[in-house]
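Chains: A, B, C, D and E, in written order; residue numbering restarts at 1 for each.
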Amino acid sequence: MGHVPLSWYLVLSAILFALGVAGFVYRKSVITVFMSIELMLNSVNLSFVAFSYQLQRIDGQIYSFFVMVVAAAEAAVGLAIILTIFKNRGTLQIDEVDSMKL
Amino acid sequence: MIDTVLFIICAIVAVVCGFNLVLQKHPISSALSLIGVMSSLAVLYLLLGAEFIAMTQMIVYGGAVMVLFVFVIMLLNAGSEKASSKSWFAQIAGVPLLLAFVGILAFLIRGVLPPLGTVAFGSWVGGTAEHVGQLLFTTYLLPFEIISVLILIAILGAVVLARKEID
Amino acid sequence: MKEGYTRVASLDADHELAVADPSGLEYPKPSTARRMTLNMGPQHPSTHGVLRVVLELDGETILEARPEIGFLHTGIEKECEAKKYQQVVPLTDRVDYLSNLNNNQCYALAVEALLDLEIPAFAQWQRVMLCELQRLSSHLVWLGTHALDMGAMSVYFYCFREREEILKIFETYSGQRMMTSYIRPGGLALEPPRGWHRAISAVIERLARGIDEYQNLLMQNPIWCNRTQGVGGLDLDLMIELGVTGPMLRAAGLKTDARKDSPYGAYPHFDFEIPTRTGNDVFARFEVRMDEMRQSVRIVRQALEGMPSGAWQADAPHILLPDREKMKTQMESLIYHFKIVTEGYRVPAGSVYAVVESPRGELGYYVVSDGTAHPHRVFMRTPSFGNLQSLGAMLEGVLIADSIATMGSMDFILGDVDR
Amino acid sequence: MTFIIASLIKIVIVFAVFMTTLAYLQWVERKVLAHIQSRTGPLRVGPHGLMQPLADVCKLLTKEDLLPPYVNRFFYLLAPFIAVCLALISISIIPFGPEITVFGTRTDMQISDVNVGILFILAIGAVSVYGVALAGWSSNNKYSLLGGLRSSAQMISYELPFTLVIVSPLLLANQLSFRGIADSQAGYYLGFIPRWNIFQMPFPQIFGFIIFMIAGFAETNRVPFDLPEAENELVAGFHTEYSSMKFACFFMSEYANMVTITCVATLLFLGAWHPLFPAPYSNWVPSLVFLLAAILCFYQLTSPSPRRLDRITFPIFGLVALVLAGIWAIPQFQFILVPIWWFVSKVGLLLFTYIWVRGTLPRFRYDQLMHFAWTFLFPCALINLLLTALLVAIF
Amino acid sequence: MSVLPEIAGDNAIAVAIHEHLPTAIVDAVKAVDGLVFYIDPGQIVPVCQFLKDGAGFEQLMGITGVDWWPRAPRFEVIYLLRSYKHNQRLRLAVRLPEGQEIDSVCPVWRGANWYERETFDLFGVVFRNHPNLERIMMPADWEGHPLRKDYPVHGHKYSYRDE
């Protein structure tokens, strides 16, 4: 075993993505749900960079760069929303913040 | 040799931290786990020759996004999660479905994709700041500009949302 | 953080009423006023002793501040009642331990008024000079600690270096650096030491230079100005109503000073001014106190120049302990000594409220005598107590850092507050 | 193989020197502060208190290690570890001198040369917030929490001007590696003006340097930006609940960050190890300085000193200085020692500035600090960057 | 219509109070530093209000008590006033039997708050309508009022149970 097969990276990415999905589904705190989304984005980034290596082209890295930037913007807005929710409702439990639900 | 060891260490750290993120009850533990995932991913990026992306990962994700998360958690002093009723579907079928999902993906990667190469540390360094910058300001100039506008909008939105006189 | 925040649903009642849910669903009330209760003190570096301030915080903004005192309550007033008149003097030292001579002086004035005692001019001038030196040393401590509170570390050491010189003078005078008990009813405790004139002139010249230096060090510093200007103000009328006296009132523009308003001792013979400012903030108090130090230097210089000669004690053998030598040689002195030490001296019944200007403001001693050798009641109207009462009003709506600046500018002594 | 051995040797040397520097930096700070405040500072342990760092280390190691009952134990223990690790990591990519050949091996005076060195420093700096923030949060103490929050907000705010101002020297050097940046500052204009970045054409980075230093003060939580630990407001801020070795970790990380920041400032703006004077003269400057120090030491003997010990210690210091002057005068060693001397003396000068400022200035208020960062420092850094970019593009 | 005590007959402040509130001054005593007016306990608030608004006594320097036990009435409550406008000082006193309450002057001067708390704490004099009449010097669970003359001065009894 000299080198790592690229597929391992992709499998790792898949596992992380699945974990992100699990967190997204099972966690009840808005902030943790949000973090699970970040985890999914990260796992996708890993695939991008891995494919970029495979294809010997940087485009994949550029995409992951864009993902990061979008994630940062998303985090700023998302956390502001969370702050507002907490201010108005006094809780971060996702099933207590369901006034939009019928 | 060294990159195999590094990959295995980082992969284990990433997966353990990922599990921790899902399983921990306290948001700050989850946030810390996520930082762990991100740091190990940064090392993996380095192994894949993406120096710039690795550093950006640490600066943007580790230094900005996650600091914001931690800051907000501390500010709100968000306590541990309360266990609440989950939907019966998720409880019964969730884990098997996820396992199936990972399995299918793994099968796709191993079997369906054309054979992939191996990763040798240092064999291809395409991701230096120079390369990324070159591409970013030529081919991807338009997306770059759009995304900077997006960031501006996000900043404004965050400021508006987090203002004190929210109501 | 298990109990980090005490989450209070709302501060005011009408806000709670405003929570009307159109859907009729139950969910937790909004917590717009998420408050944190912070106990500043009794053990805290910036409360200058054992003051406890309960702060209600919103982030770093103080919504409400409740000073709580009594941690240094020593029952001095009760103790005074069990002592003879001359034994009370050392207790007065412990009240305001940074300006003990002023306390001595005030108590002495009260008892002397009850006794109707005439004090020789030399003793009076010495008292004035020492009290002004005491004011200088007290203000130096204030300046040093105030600057240290704001993070300017070096000023502290400079100020304490100068203060040390003044304390050395006190030591030569009384044998004690701080708890001098030097001014007593009837005059001074001991004859001023030889060479006092030279020693004090040397110190005062050094101080005159030092004061300008420290003022320049801080006043020309933009950070210092930003930290102090516009901070800790309170409406003058409200301050008066709350019982604030001294430099804080003068910094708000009221020209009041017990040394001028109700002159005592030898002060009418001195030429000095009452510095005032209209800034009514921490910076103005800083300026006022710096100017007061200059005036004190001026008074001490005048005292050094025009010191009259004469006795250092009143001619009242039934009140003042006789000279040691006389006691050993003269029968009469021995009898007086025996009488004073065992019985004390009787003070005519009556009451008096004597006032001096201590470095912190108006210090008053209300002494009630019932004709015995023990005071019936000694009430100390201490300036810090009144000044501290305004702290709560001053701290509303400011930042934590401002609270430090404000407390520093008030210059309270917890011994003076709690007594 | 040689690479690994050389690296190991370098790591050992750098670690040993770095740790000693940290310990003695604290001695120097106490001494300098003491002299600013007309005191004498540490005197008891060893001559002139020179053994004081050792005594401090022993004291900190043997102090009782308190674990308050209400803390979040895992994070409470993790925080000092994070702080000190990250602080120590960043020194690994700082070059201290040019490439040299020792025993036939060409090697850098640097543990490792990373292509994206500057980004690495920024990444480490960005992550090092967690040590402080976690310490503040996990201590379960309101003062600590306020300290932690203040520090995370402060670090994020000052990260921006800090990063922006770093970009300008990068533009001038067209490089991201520290070695490349350092090399780009070699040489002289008109034969005597050094091409350090603060003098570099087309746009001298003097403002950039000042902004960098100010932001550096804030990044390292030093006076006047030491709000996270403002002892007069927040008792001790985020490390209120820490004692013994855990406290020492925070203490050490603060000093390590200070050293790193000054090293980076030297590399980016002050021309790294490139001397102020052109080559033949600059080689003799160290010897001259040591000679001067020796003369001063011996001269001190002529005036009666209040301390008896000085009669013994001053000649010893003089002798040491003489020996050093001799070593630096040996031409065979000069190619290694002279660049290091220049680098260390620049870093030392900046560190002295840190200490000097601490002895002089009062502390900012929290909102003033934020205001300063966003309304003054940030625009200044931005303008500096724009001007540099414009001028670099034109010329 | 009560008459002003003879000794205070030519005192401008006393005359002014007397005109405004004829029954307020019940006695006057000459102390070393001027006259002390004894006020009817029920009228202390109007008198203080008048002195503050009408006679320019802007500041309350302090409130304290004197315990004359075993004499009756037992307590004297002393009010120390200060006028900056006229540069005057004034001392009011109220004789108070044990157990009788007195109105708080907090509505007149906010600064009376702590002084009244202190007097309550140390003497046990109760001030009606005080916003926050709690112990200020002694611990909250302290028993007895230390400055009373019958308070035991020997023996140990302390607790730090509260706070």
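As a convention for this text, contacts are C-beta pairs under 8 Å (C-beta built on N, C-alpha and C of every residue); 3 or more make two chains touch, one makes a residue touch a chain.
Quantities reported herein were computed from a predicted structural model and do not represent experimental measurements.
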Most heavily contacting chain pair (counted by C-beta pairs in contact): A-B
Furthest chain, CA centroid comparison against subunit D: E
Distance between the centres, which are taken as Cα means, of subunit D and subunit A, whole angstrom: 37
Whole-Å separation of chain centres (CA-atom averages), subunit A against subunit E: 71
Where subunit D and subunit E are represented by their mean Cα positions, the distance between them in whole Å: 64
Rounded Å distance, subunit B centre to subunit C centre (Cα mean): 61
Of all residues in subunit D, the ones touching two or more other chains: 137, 145
Shared-contact residues (touching 2 or more other chains) in subunit C: 1, 4
Subunit A, residues touching no fewer than two other chains: 87-88
Residue ranges of subunit E touching subunit C (in the complex, touch as defined): 31-33, 36, 58-62, 64, 66-67, 78, 80, 82, 84, 87, 89, 91, 109-111, 113-115, 122, 135-139, 146-147, 149, 151, 153
Complex contact set, residues of subunit A against subunit B: 1-12, 14-23, 25-29, 31-32, 34-36, 38-39, 42, 45-46, 49-50, 52-54, 56-59, 61-62, 64-66, 68-77, 79-84, 86-88, 92-93, 95
Residues of subunit C that touch subunit E when the two form their complex: 69-70, 73, 75, 77-78, 81-82, 113-114, 116, 237-238, 240-245, 254, 256, 261-262, 350-355, 362, 364, 366, 368, 376-377, 379, 381, 385-386, 389, 418-419
Residues of subunit D touching subunit C in the complex: 33, 36-39, 70, 137, 140, 142-143, 145-146, 150, 223-224, 226-227, 230-235, 358-368
Subunit A partner contacts - residues on subunit B that touch it in the complex: 1, 3-4, 7, 11, 14-15, 18-19, 21-22, 27, 30-31, 34, 37-38, 41, 44-45, 47-50, 52-53, 56-57, 60-61, 64-65, 68-69, 72-73, 75-76, 78, 81-86, 90, 94-95, 98-99, 101-102, 105-106, 109-110, 113, 116-120, 124, 126-127, 131-132, 135-136, 139-140, 143, 147, 150-151, 153-155, 157-162, 166-167
